[in-house]
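Look at the two complexes coming up: chain A is in both, with chain B in one and chain C in the other.
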Partner chain A sequence: MSTQFATLESHTFDVLVIGSGGAGLRAAVQAAVPGVSVGIIGKSLLGKAHTVMAEGGVAASFGNVDRWDGWETHFYDTMRSGHFINDYRIAEIFAHEAPERVLELEEWGAVFDRTPEGKIMQRPFGAHSFRRLAHIGDRTGMELLRTLQYKAISQDIEIFQEVTVTKLLKDAAGRMAGALAYYRSTGEFVLFRTKAIVLATGGWGKIYKVTSNSWESTGDGGALAYRAGAEMMDMEMVQFHPTGMVWPPGVRGLLVTEGVRGEGGFLYNSEGERFMLRYDPERKELSSRDVVARSIYKEVQAGRGTPHGGAWLDITHKGPEFIKRKLPGMYEQYLTLADVDITKEKFEVAPTCHYTMGGVRAEAETCATNIPGLFAAGEVACGLHGANRLGGNSLADLLVYGKRAGEGALAYSQSIAEVPTIDPQEIEAEMERVMAPFSITHGENPFLIHEELQDIMSNHAGIMRSGPDLEEGLAKIQALTERSANMGITGSRVYNPGWHAVFDVQSMLALAALIFRGALARKESRGAHWRTDYPDELPEMGQWNFVQSVDAGIKEVPVPQMPEELARLFERGMAPGVWKSQQEGKEN
Partner chain B sequence: MSEDIVLSIYRGDKSGGEEVRYTVPLTPGMVVLDAVHYVQAHEAQDLAVRWNCKAAHCGSCGAEINGRPKLLCKTRLDDYQGQVVHIQPMQTFPIIKDLVSDVSWNYETAKKIPAFQLSQSAPLQMQQFDVDRVQEFHHCIECFLCQDTCHVLRDHDAKDQYFGPRFMVKIAEFEMHPRETGDRVPLLAKQAGLDMCNVTKCCTEVCPQHIRITDNAIIPLKERVADQYWDPLRALFRRKKTTTPTAPDSAPTIRG
Partner chain C sequence: MAESTVTFRVFRYNPVTDEKPYWALYPVTVEPGDPVLMGLMRIREEQDGSLAFRASCRSGICGSDAMVIAGRSRLACKTQILHVLNAQREVVVEPLRNLSYVKDLVVDQTPFWEKFYQVDPWLHEDPLSKPPTTERLMQLPESEFDDISKASDCIFCQICYSECPVNGMDRAFLGPQALIKAFRFEADPRDHGTPDRARTLNNQEGVWKCRTTFNCTLSCPKGIPITKGIQALKREMLTVGLGRGGGV
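This part shows the complex of A and B:
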């Protein structure tokens, strides 16, 4: 036994939550009932997670401004925009429970913008049939995260900040048993033993060069789960948000909230044409994200782009007071970072990688995965969004399924008598692996490998894809993965970003290959997945989700079929609430 | 385009250190964090810097640029043309390494504030003008630059006597919520050490979210403490509070 192993710090919990963003905190808050020990691990400081980057709002069908809204319409919009490869049961539960989860936040201190009647205000967003997004200006994610953060610290939850998990550990029977991690500040290892794990580590948007994602979105959780044998679904589905910043170079990709269009902004090409009228005359700027992103992309390809290769977004007609009140973050962001006053001038936007719809396949009621004791919620999980996520649905997702994952893990942990046993040799081997980059001199630079990875993904698996391009990209990823085995670092274990980057890059490379394999398998265009060699959405492909695992490779799994009463909601070809509002209109 | 800028970045840990100079090619609109990342990727992989969103939403990258507490992601390098840019970690907290400080004291302090309490269940009926006042406090990104600049914490290291501006904002957020029922005035008068603040407004000046910390949070809270503890008429006719507060144990001892 090595000294390192003998002196290993160790903690034991009934439920361990990995990831301290919105979904993780919501899960921890739920699991922390008297008599149950709960730990939560975050890669950053508490309250810094990528959830803060969500701006526009949280979708919940209160009907505070449009009284016809209801769960059926939210369900309808979510399935339709997901192009029907979503898990209907996940979407159904989600639409039902979102309002209750948002009200809970109000009870915990969140202060949403108000309607004139004093209710929670709701704003329109792309492809939502009604004004549905509860919001606080343009910083809704931050409000949500801060509220959950202060709720969590008032409960009996042990919080580990700036800790990176490198491996999920199972017992001999294949049940979750713990995780090996290290403190980023000291580089010292720490072992977590637990009965159940909630994985809430977010997505992997950092895999792309132009991205709205913060540094953390490196897919650690997805890769940890995949290596442990979890099933990964719909990996080809990557959302490109239509509006990211374009100029200057340092801010390229930074999110411009959909709220700008929600609050009345228009998109123009370089010829001054409001081009969305052509691509989607009905929903215009508020079409679904896949459609708007593709439209901007096509305008640029056709030579009608702005000076730095985007489209113009203009909201000046709403007036400075309105803009500063409803979009204060955007106003400040453009003014300080781009010297542009959005109350006075139009500004450049272009698509940016925003969200990964694919992820760990999780069950609707409890978020259980195929590994006993492993639960997944939030962006790392898969099933709600299908081929395209609606704006505002991710914040609602992490509330609804954060809670359910917490409950699921709690119930599971209570069904297990003892904390499962971990093989000490596995721990020792993992510690050795994690330390290996220190002994490689003149190795590959992890930061530069990351840059190469981002180039490959942007060039070969971006908005527009094709078979040969994807094949080439996959080959490049495989070659880069081989080179990455030689990543070496300098310096000590104390807060060493180079060392930390090694594991981020390993996670991203693993998931990049899955994106390519999924994209090659899906020989059609559906939602965010656009293939020029298969430009149409094909009904026969719509019957399948592509599921990948270490053990079984890639396989087709049938999309769950809706029961009769849900399927009926789609018969009219319009959302139930919209139909209701039209009927009322006729009567009057 | 080929212009360079010289950064002088503090390299070291709790055992000591010094500034090291790095030359970085300038690109349009570049912020200090971009330049630090350039150094990290090309010259010093182990250069420690804390950051997350690079969009001034998360408040991770607080540091001191030419002696001023700032967010690295929001500070443009073209503001420093022709100058050497000195970058140091926040000085009020212990250093971990390079630009990363140990800010754990803030998280411990946060736990001392009683949680948000309501006497009714949601949905709440509140008008926008009722919530405007507290929504300002919700802008806080917990970058702790106000804590870094507060002379009570920085020069007098009185972390055991004052929670600092960040947590005055947090307490104000709860106290001024139209439906919140908790009473944190005794906490402010004693443990939180509100009277340690002598309203020099340094915190307001450095706040990257432009929260008017002193005017809108601290001074109104001071008024509440004064009303409850020092106004004899109010003490006689106090109706709202159930427990009779006593005067603070000690008078303020620090003056900036």
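This part shows the complex of A and C:
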């Protein structure tokens, strides 16, 4: 036995939560009942998770502003926008429970903007039938994360900051038994032994070159689960937001709110043409997100892009006073981050990778995965959003399913007498693997491998896809994966970013291949997945989710069919609440 | 838009291999609009992958990339390179002050977290009231809503902690960041935690150590009136001392 193993720091919990964003904290809060030990691991410092970036709000059908709203309409909107490959049961529970979860947050101290009567204020958002997003200014995600942070601190939960998990460990029977990790600050290993694991590690937007995501969004959790044998579903579904910042490079991908177009901004190509008049004469700049994103993309492809590959967004005609009053956040964002005054200059925008709808297949009631003892919630999980996510649904998702995953893991842990055993040899082998990059001199630079990966994804699996392009991209990913085996680093184990990047890159490469395979299998266009060789949405394909695993490769799994009472909600071709409001209008 | 080359003068220190800290110089090609964080990223990607600093969202929301740039604590993502060059066209980058070094630009934040925990940073419910079963109607007066809202804007970046001269002299002082978080709850009419918090706030290393230099308020990247909040806490602690606030 190595000395490294003999001196290995170890912790034992009943429930271990990996990921300290909204979903992870909500799960930990739920699981931490008296007598149950709970640990939570974050890759960054507590409170930095990508949840803080959510601005718009959290979708919950209170009907505080539009009284016709209700869970049926939220359910309807979610399924429709997901193009009906969502798991109806996941969406149903979600729509039912979102309001309760938001109110509970308020009990824990969250502050929301109010209506004149003192109720929680709700704002409109794309493809929601009613004003539905509870919010506080444009920092709802931060308020939500802070509240959960405070709640977690008030409970008996052990918090590990800046710890990277490199492997999920199972016992001989295939049950979850723990995780091997290392402290980023010291580079020392730490072993977690546990009865149940909640995976809440977020998405993998950093797989793309242009993304609104934080640097942490490297898909660690998705890759950990996949390697451990978990089923991954709808991996081809990646959401692109039409307007992200483009220049300078430091801000590339950061979100430019839809509000700029909402307040009257126009999109132009390099020839000065307002091209949206051509793509959607009726809705123009305010067409749906996928249409605007594709239009910008097509202009760039046709050689009419801006210097850095986007479109011009111009709102200067509205005048400085109007812009500063209506879009103070955007004005400040461009001024401080890019040194651009949007009251005086047009600026470049381009589609940016925003969210990964696909992920670990989890069951609706408890978030259980196919691995006993492994639960998944939030962006890393899959099933709620189908082929397209609605704005505001991700914050509601992490509250509803964070809680359910915490409950599920708690109940499971209580059904198990002893913490399962881990084979020491497996731990030793993993420690060796993690240390290997130190002994490779003149190896591949992980940062440059990451850049190549991003180029491949952007060129072959971006907004526009086609069979031959995807095939070529997959081959490139496979070649890059082979090269990545030779990633080497310099320096010591103490806070070494190059070393950390090696594991990020390994995770992203694993998931990149799954995106290609899913995209090749889905021979149609649906929601975020657009294939030029199959430009139409095909009813035949809509019956399937594509599920991938290490053991079984890729397989078609039937989309669960709604029971009759839910299916009936879609018969009128309009949202139940909208129909109700129209009936009422007729009566009056 | 013209490219130009500047020099990053970066504080480097690895406690395992270096006897003492040293300056490393890196030439970086920059465009107008490039923030300091971009320069550091490029150095890490192209020149030295072991250069350590924290960063996440790159848009001033997460508060990870606070460091001392050209002599002042600031967020690297919100600081334009061309605005902070010295006469030699150098950007001087150092770790935050008042916290010990982990490596390069990364500091040990443990003291901050310990102090933050000490102020009981969560909503203390009224032990006598039952949780409501329906939505609670809440109409905070605008000024109170503003107070809480402003104090909630804190992004845990440690800049105020780094700029506070009292923290520099007395490491036991709670510091502006923990105090403004205490204020966030003390200002909340739903909170009943004053007696618990007073044990930490109303003593030598609590609110009374603050010397109102306003460094925290001036340096806060979110524009939070931290000093004002601390002063409000001092007034509140006076009433606690006089036996009107539940008492310690």
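Operating definition for what follows: the second predicted complex is superposed on the first by the 506 of 588 C-alpha atoms of A that agree within 3 Å, B and C clash if a C-alpha of one lies under 4 Å from a C-alpha of the other, contacts with A are read in each partner's own complex, and residues count from 1 in each chain.
Here is the rule we use: a contact is a pair of C-beta atoms (placed from the backbone, for glycine too) under 8 Å apart; a residue touches a chain by one contact, two chains touch by 3 or more.
Keep in mind that this is a model prediction, so the values were computed, not measured.
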item	value
Superposed partners chain B and chain C on chain A - clash or fit	clash
First, second, both or neither for A:317, with chain B first and chain C second	neither
Touched partner set for A:340, first chain B, second chain C, both or neither	second
Which superposed partner A:329 touches (first chain B, second chain C, both, neither)	first
First, second, both or neither for A:489, with chain B first and chain C second	both
Touched partner set for A:278, first chain B, second chain C, both or neither	neither
Shared contact residues on chain A - chain B and chain C	44-48, 50, 52-53, 62, 103, 106-109, 111, 114, 117-120, 136-137, 139, 142-143, 146, 150-151, 153-154, 185, 214-216, 247-251, 254, 333, 336-339, 445-448, 451, 489-492, 494-498, 501
Sites on chain A touched by chain B in the complex	44-50, 52-53, 62, 103-104, 106-109, 111, 113-114, 116-121, 136-137, 139, 141-143, 146, 150-151, 153-154, 159, 161, 185, 214-216, 247-251, 254-255, 329, 332-333, 336-339, 445-448, 451, 489-492, 494-499, 501
Contacting residues of chain C [partner chain A, same complex]	14-17, 31-35, 37-38, 41, 44-46, 48-64, 77-78, 80, 82, 102-104, 106, 108-109, 113, 117, 120-123, 125, 131, 135-140, 145, 148-149, 152-153, 155-156, 185, 188, 190-191
Contact set on chain A toward chain C in their complex	44-48, 50, 52-53, 62, 64, 103, 106-109, 111, 114, 117-120, 136-137, 139, 142-143, 146, 150-151, 153-154, 185, 214-216, 247-251, 254, 333, 336-340, 445-448, 451, 489-498, 501
Touching residues (chain side chain B, partner chain A) in the complex	13, 27-31, 34, 40-41, 45-60, 74, 76, 96-98, 100, 102-104, 107, 110-111, 115-116, 118, 121-128, 130-131, 134-135, 138-142, 170, 173-174, 177, 180
